[in-house]
Amino acid sequence: MHLGLIIGHVVATRKDEKLVGSKLLITQPILPDGTYTGAPIITVDTVGAGIGETVIYVIGSVAARAMHDQSAPVDAAIVGIIDSLDCSRAGGK
Amino acid sequence: MHLGLIIGHVVATRKDEKLVGSKLLITQPILPDGTYTGAPIITVDTVGAGIGETVIYVIGSVAARAMHDQSAPVDAAIVGIIDSLDCSRAGGK
Amino acid sequence: MHLGLIIGHVVATRKDEKLVGSKLLITQPILPDGTYTGAPIITVDTVGAGIGETVIYVIGSVAARAMHDQSAPVDAAIVGIIDSLDCSRAGGK
Amino acid sequence: MHLGLIIGHVVATRKDEKLVGSKLLITQPILPDGTYTGAPIITVDTVGAGIGETVIYVIGSVAARAMHDQSAPVDAAIVGIIDSLDCSRAGGK
Amino acid sequence: MHLGLIIGHVVATRKDEKLVGSKLLITQPILPDGTYTGAPIITVDTVGAGIGETVIYVIGSVAARAMHDQSAPVDAAIVGIIDSLDCSRAGGK
């Protein structure tokens, strides 16, 4: 699982029918200290996250497990909203 | 899920029989501001996307879920066409 | 599987119901000689690991296999705690 | 799916029994303009590809779908041979 | 599949019960010419590989297919030992 900051959303009218009704948020991967790391991805929101919130997201086939229709073609989903984070070192790259 | 720009297509006569009839598009990964990021990939189109359009694509085993034959050996598929995108920051790398 | 150092933990009250009760640790990927490599990730602990311990973690869909509820949307899990490590070269990057 | 150039092959007598009889080719990932990108990988050939040919390959669990024994421990397979490629921009990195 | 050089092993007494009895080797990813590339990973050995041998390994959920207990939380496994390798170019990065 990965730390991310919600920085936007996308609208896509033409899409796979199993994605209809999904909220698609742009999530920026971050380090524990909030520094950006890597390119933003599009995540399906399943926990009611909003712009500016720090979240936990998963990638790969398990992402669809968080959805109502678990057969959806989804490879990234927000599964939690961070309340607090305790980290002895921010980690390098 | 990832943002991409359709920049081309490939023709492959000799291929796995489960890929026959698939439209294979070259997709350039992009950041929310349109900047290119990383190497282009080959994606199966399932939503009628065309050159120059900005799309959402998925990677990994879930990609095949967007196809008629879900047992096809496919690891990247376009699942939506972006109408609009709202992003507070473009994200760095 | 990957080598990691446990450097923190996160608290997330709002999360997927299948994650309730899971211990979420921040794990820093490391090289065999202890050098940090890449960005930290969030891992589910299933073996009783604690801050400062060197662990083995797995990523992807197999991570959920280490959990009680194997249908949880989890893509990273600690599956072992390193007692000792013998390496002829630390490996480069 | 990814673009690759076949640059070699490997011989492995001692291997998983489900790999016996498989042709193992060294594939160099390339950009649409033919430039090398990233490290070569070992791919199973299922379409009769040869040295010097430009191919499409898949990675991950779907790769085994191209094989006769779909339960083989294979994470990369060639699924098509490129006849032609049309690309408006080669893409950057 | 990937080329790797076995450079060490790890001992982990506390681990997932499905990993008990597994030999855990530290594998350094290499290019066809033997150059190191990327960080070492921990692989399960299923073919009797030893320190200093050049091997083929797989990553992701297919890795568990090489094990006796295919439900183990394993994401990297050695599936072959290289006898010889023929490569027209070593590939760049």
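Letters A, B, C, D and E name the chains as they come in the text, with residue numbers starting at 1 for each one.
The working rule: a contact is a pair of C-beta atoms (placed from the backbone, for glycine too) under 8 Å apart; a residue touches a chain by one contact, two chains touch by 3 or more.
Keep in mind that this is a model prediction, so the values were computed, not measured.
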Can you check how far apart subunit B and subunit C are, centre to centre, with Cα atoms defining each centre and the answer in Å?
-> 31
Interface hub residues of subunit B, defined as touching at least two other chains = 38, 60-61, 63
Pairwise touch network: line, ring, star, complete, or other | ring
Each chain touches its two neighbours in the ring; listed from subunit C on toward subunit E, they are C, E, D, B, A
Residue ranges of subunit C touching subunit E (in the complex, touch as defined) | 1-3, 29, 31-32, 37-38, 46-48, 56, 58-63, 65-66, 77, 79-93
Residues of subunit D touching subunit E in the complex | 7-16, 18-19, 24, 26, 28, 36, 38-44, 51-52, 60-61, 63-64, 71-76
